[in-house]
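Each of the two complexes below includes subunit A, the first together with subunit B, the second together with subunit C.
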Partner chain A sequence: MLLLFFILPLLYMVWLSFHDGMPPASLTLENYLNVVTTDLYLRVVWRTTVLTVQTTALVVVLGYTLAYSMARFSKRTTLLLLLVILPFWTNYIVRMYALINIFSRDGLLDWMQLVTGLAQEPSGIMYTHTAVLLGLTYVWLPLATLPFYASLTNMDDNLIEAAKDLGAGPIETFFTVTLPMTKNGVIGGIILVAIPTFGAFVTPTLLGGTDQLMIGMVIENQFTEAFNWPFGSALSVIVSAFVVLMLLIAVKFGAGDVVTRRSDTQ
Partner chain B sequence: MSVLQVENVRKEYDDVLAVEDASFAVEDGEFVSILGPSGSGKSTMLRMVAGFESPTSGDIRINGENVVGVPSFERDTNMVFQNLALFPHLTVAENIAFGLKRRGVGREEREKRIEDILEVVELSGYGDRDIDQMSGGEQQRIALARAIVNEPSIILLDEPLASLDRKLRQHMKFELQRIQEETGITFLYVTHDQEVAMSISDRMVILNEGSIEQKGSVQDIYDRPETRFVAQFMGDLNAVTGTAVDQSENTIEVEIDETAVTVPYDDTSAVSDGDTIDIGVRPSHADLVPPSNGGIMSGTVTNHIYAGDEMVYTVDIGQEVFQVETETDSFEIGDTVALTWDAEQTFLFNGGQNVSVRDEHAVQLEG
Partner chain C sequence: MAYDGNHASRRSVLGAAGGVGAAALAGCLGGGDDIEHVRPIEIESFPVEEYESEVNVWNWYTDWVDWHTDEFQESYEGIDRVYSQAYSGPSEWYSRLEAGNDEIDNICATNEWVVRAMDNDYLEPLPVEQMEAWDVLDPLAREDAEEYYSRDGEVYAIPESIVMQPSLTYNTEYFNSPPDSWGVLWDEDLAGMMFMEDWPEVSCRIAALYTGQDPNDPDDFEEIEEVLMQQRDLNVTYWNEFSSAMEMFIDEEVVVGPLRDGRTWMAQFLNDAPIDYAVPEEGMMYTYDNFVIPTGAPNPRASAAWIEHGGQISSRVQLFAEMGYVPPIENLEDELTQVVSEEEAAFADWLDPDELIFVEPLDEETLDRYDEIWTTVVAG
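Let's look at the complex of A and B:
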């Protein structure tokens, strides 16, 4: 099963990426050279990287804050958790069209900016870097909030009291105890967000269009429109390499147990 | 000046009264236990001293200064938690250093103090170990070291021995006592285990349903319990119920199921004829004799077990069963026996209050 559905397609993809056409064709490195020598593709890889870093950072800050307030201050945790998960049960495309409505000229965002006086003219933010960033953040926020929340509730509250008892103020307690104790949840959340963001193509297509090309969009284009499967495969191999790199970094940072799903606390 | 003064402290949660008008004091270098059953408010009491809870009313003074409203991280107290709450992401030495770092103690001084305290708790050389490499008893000592190293005015201990097995608890009990004596730091120890509290404390505060039942030296509380609750909580107690029928100068006659029992008693104002009286007798103060030898009451042996060098008999005396610890082993189940007890060692309870306590003996510990 593993061989048939996971390893074989992957091997076929790698094999394909070293050909100059659909097999039987001659072997070549041209597809990879093409990526690193073409300005457009380098810019796409760079933009994808920047968006991935920004999205991940935004999701971590927002998601952790959300999870922290749910875990520490709220009495209606079940209801809040439900609200966090609810978007997952809503069709992805429907959510994207909702965002388009908000981001468009004269959309909800414009209206709010006009009402609060933040902007004088309706402009909309569709097809901008910001739109893609906000869209990706919105999509992945619930996904990262859950591991954050799980690691926070797994933590023994007495540890926080112990830190305070030993003279640490609230901020010091957070950085010396809470954050290190939930490190695995944070790394898990980062992996959950960074990997799909790097390969994202639906969100950037709908919110960014051709102005905000991401690597996933180019891959999709190569397979469905340009029919240059070997080149698409080469790009896919690059994405896969990024994923493997992320996982290796995560393991290096002592999160081997995230991958093997060990509990967060002792 | 007392290290800790708790004055008329009251704590309410919504509509539950957790602590009611509690007052007591702890002197410098003392080992004081707050003893009570679960739900008696003893942990709440400790958490209010630590600063994790605020009293609804009343004052808590540490070295004379009212600390109500002062957050825990600014209080001169350190707590040893029931589950220890050691930081699993830090080593043994880093755990102990945590408080010192927060207080801005320099690196050199810190290392010296950690080394010293590791020696006191007999864990020298274990500083670089991870917490989960240490055994249960070792973790207890690390938790204690983490609190003591800061040299606070008072160490608060929330039943840290409760999770240990009996043998280790016995050992840690004496360790606690040794460490407390060696460091001279004031200990306030919360527990439901009267045996532990009695063997290590200088003084005890007995808490029941949020109120202080009694406070005083261990000896005092054991020998002169002020209430039936304290007498029963401090050790096994047989209580037989009867009616006061007659009083003379130093005795009172109590009628129990048509048997008249005379008990020494010298406070004529505390009991009126007709009051319902409980006579309390500890099993170790009672004895069994053959019925032909008289005795105070008669009954039937329903059970007997060996408990080391003595026998524990269960005797059915009609209204209740009566436990007797004695060296005699000559009675069998079903035998009719006569019960006797040391009249000077009996307690007399009228409405739960011990009226056999003589005032001059009731040494009180005022807050």
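Let's look at the complex of A and C:
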């Protein structure tokens, strides 16, 4: 099954990326050369990377705070977890349209700002970098919160008590005990957010303005409009390489511990 | 609604979500009738006398499909089920044809996708000589179909609607008179009050017209890129989704930009928005949405019957009444006033051949260049 549904499609994509047209066509490296020698695509990749880092950072901060609050301060965790995953019950596109209504001029966000006096006149944040960033954060926040929560609940509370007994304050305890002990969950969450964000195209397409071109949008366009599948495949291979790189980094810095630890206990 | 292209509309997405199950079911159940399977081209006369009991239709004119389904089933007794799917982008149905179609009977396919599908043998030729849906077409539409949608003397598509691709839509309260040129999109006084369409084939073609070139076969791509770069910062956004673009006009977030005539009509007559379309001196580009039958259609007779019934004048004018898209028929205004007001019918009065430029399917090189240019422009 792994071979049929994962490996073969990936190999086909790699194979296609080395052609100068749809097979049967001659083999070429031109698609990759085009990517690496055209600063246009490198700029798009860079922009995508920046947005991915921003989104991931925002999700980690918000998601970890949320998970920490649920794990430490709430007794109704089941209900809260249900609320966290509630957005997944709604179609992704529908959620995007909901955001459009919120972000648009005279939308819900404008109304709240006017009511609270934060703004004097409606402006809306649609078609801006902020809209895309918030949209991506909204979409991936639940996905990251769950591994954060799992790692926090698996942590031994006695370690926190021990740190306090030894004189550590709340902030020092958090950074020297809680965060390191939940590192695997954090890295897992980062992977779950960074990978799909890097390939995102629906959110920036619907919420973004004239400056929000991401690599996923370029790839999508190659397959559905330009019909240059080999070049789209080459771009996809590069995105996939980024994903593999992320996984390798995650394994190196700790997510591999989880695998190792589980293997040890079996 | 030519080319709701790669762009999901609110209605179509919701429709698609609801229709996908039914369509899948149709794929499983389709073609189970106990009648001889024929190719559409082999049907000798209309109305079809013997047909399957169901048909699976992919058409993004959702309001019209709802209306037509009832009429169709009333006229063709024994059609028990009409499965309709409102796809959000042509690549959805095209990928199914590539995979080997055995579920879709009928598609409303836009211009370049018809040619693409035809060139890859994904479409069935149609018995147009027998069909009234063909006879009622305006000569312009018939000639275009014969030139672009036929191979070896066989026609593969019958135009369902003729569509501005795009319309030059503007706010009638902001402008004292209609803009007379695509150059209005380069007017710096309108910075922050316009948008462009996020589709290379449309935006690059507009730029080609603006620079005095043939939009179907430009000779100076660098100039096209240059003017699009100049125009870039004047835009609020590059829109990618039709209903949002229409609402930006309704909300007066923009006062001018490329849209479609149907969307302009909806905003004007269904939402009372102060907008209209202008006819630029460089010319108005147009295309067609077309009835086609894909190869492998499990219910070819019912599908041909759907086209024949939907292609009657009474059905075609209803498309305008429901959604504002113009049927490519003769005596258009007279026919439209049977179902809409004279004011609404006058909206469709843009078919002056002297001002029309057909959006021809692009050759591979031009398509690639347009795509490169647009990627460069959008990447800034």
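Basically, the second predicted complex is superposed on the first by the 252 of 266 C-alpha atoms of A that agree within 3 Å, B and C clash if a C-alpha of one lies under 4 Å from a C-alpha of the other, contacts with A are read in each partner's own complex, and residues count from 1 in each chain.
Following the convention adopted for this analysis, a residue touches a chain if its C-beta (ideal position, glycine included) is under 8 Å from a C-beta of that chain, and two chains touch if they have at least 3 such contacts.
What you see is a predicted model; the values in this text were computed from it and never measured.
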Overlaying on subunit A: subunit B and subunit C, fit or clash?
-> fit
Using centres of C-alpha atoms, tell me the angle at subunit A that subunit B and subunit C span after the overlay, to the nearest 10°.
-> 150
Is A:163 touching the first partner subunit B, the second partner subunit C, both, or neither of them?
-> first
Using the touch criterion from the header, give the chain among subunit B and subunit C with more contacted residues in subunit A.
-> C
Answer with first, second, both or neither: which of subunit B and subunit C does A:228 touch in the superposed model?
-> second
Please work out whether A:176 is in contact with subunit B alone, subunit C alone, both, or neither, and reply first, second, both or neither.
-> first
Between subunit B and subunit C, what is the shortest CA distance in the superposition, whole Å?
-> 46
Any idea which subunit A residues touch subunit C in the complex?
-> 40, 43-44, 47, 91, 93-94, 97, 100, 104-106, 124, 126-127, 205-206, 208-211, 213, 218, 220-228
Over in the complex, which subunit A residues touch subunit B? Could you list them?
-> 156, 158-159, 161-169, 172-173, 176-177, 180-181, 183, 265-266
Sites on subunit B touched by subunit A in the complex = 50-52, 71-74, 77-79, 81, 83, 85-89, 98-99, 102-103, 131-132, 146, 150
Per the touch rule, the subunit C residues reaching subunit A in their complex are 5-6, 8, 10, 13-14, 17, 89, 91, 116, 198-201, 232-233, 235-238, 240-241, 244, 247, 251, 253, 367-368, 371, 375-376, 378-380
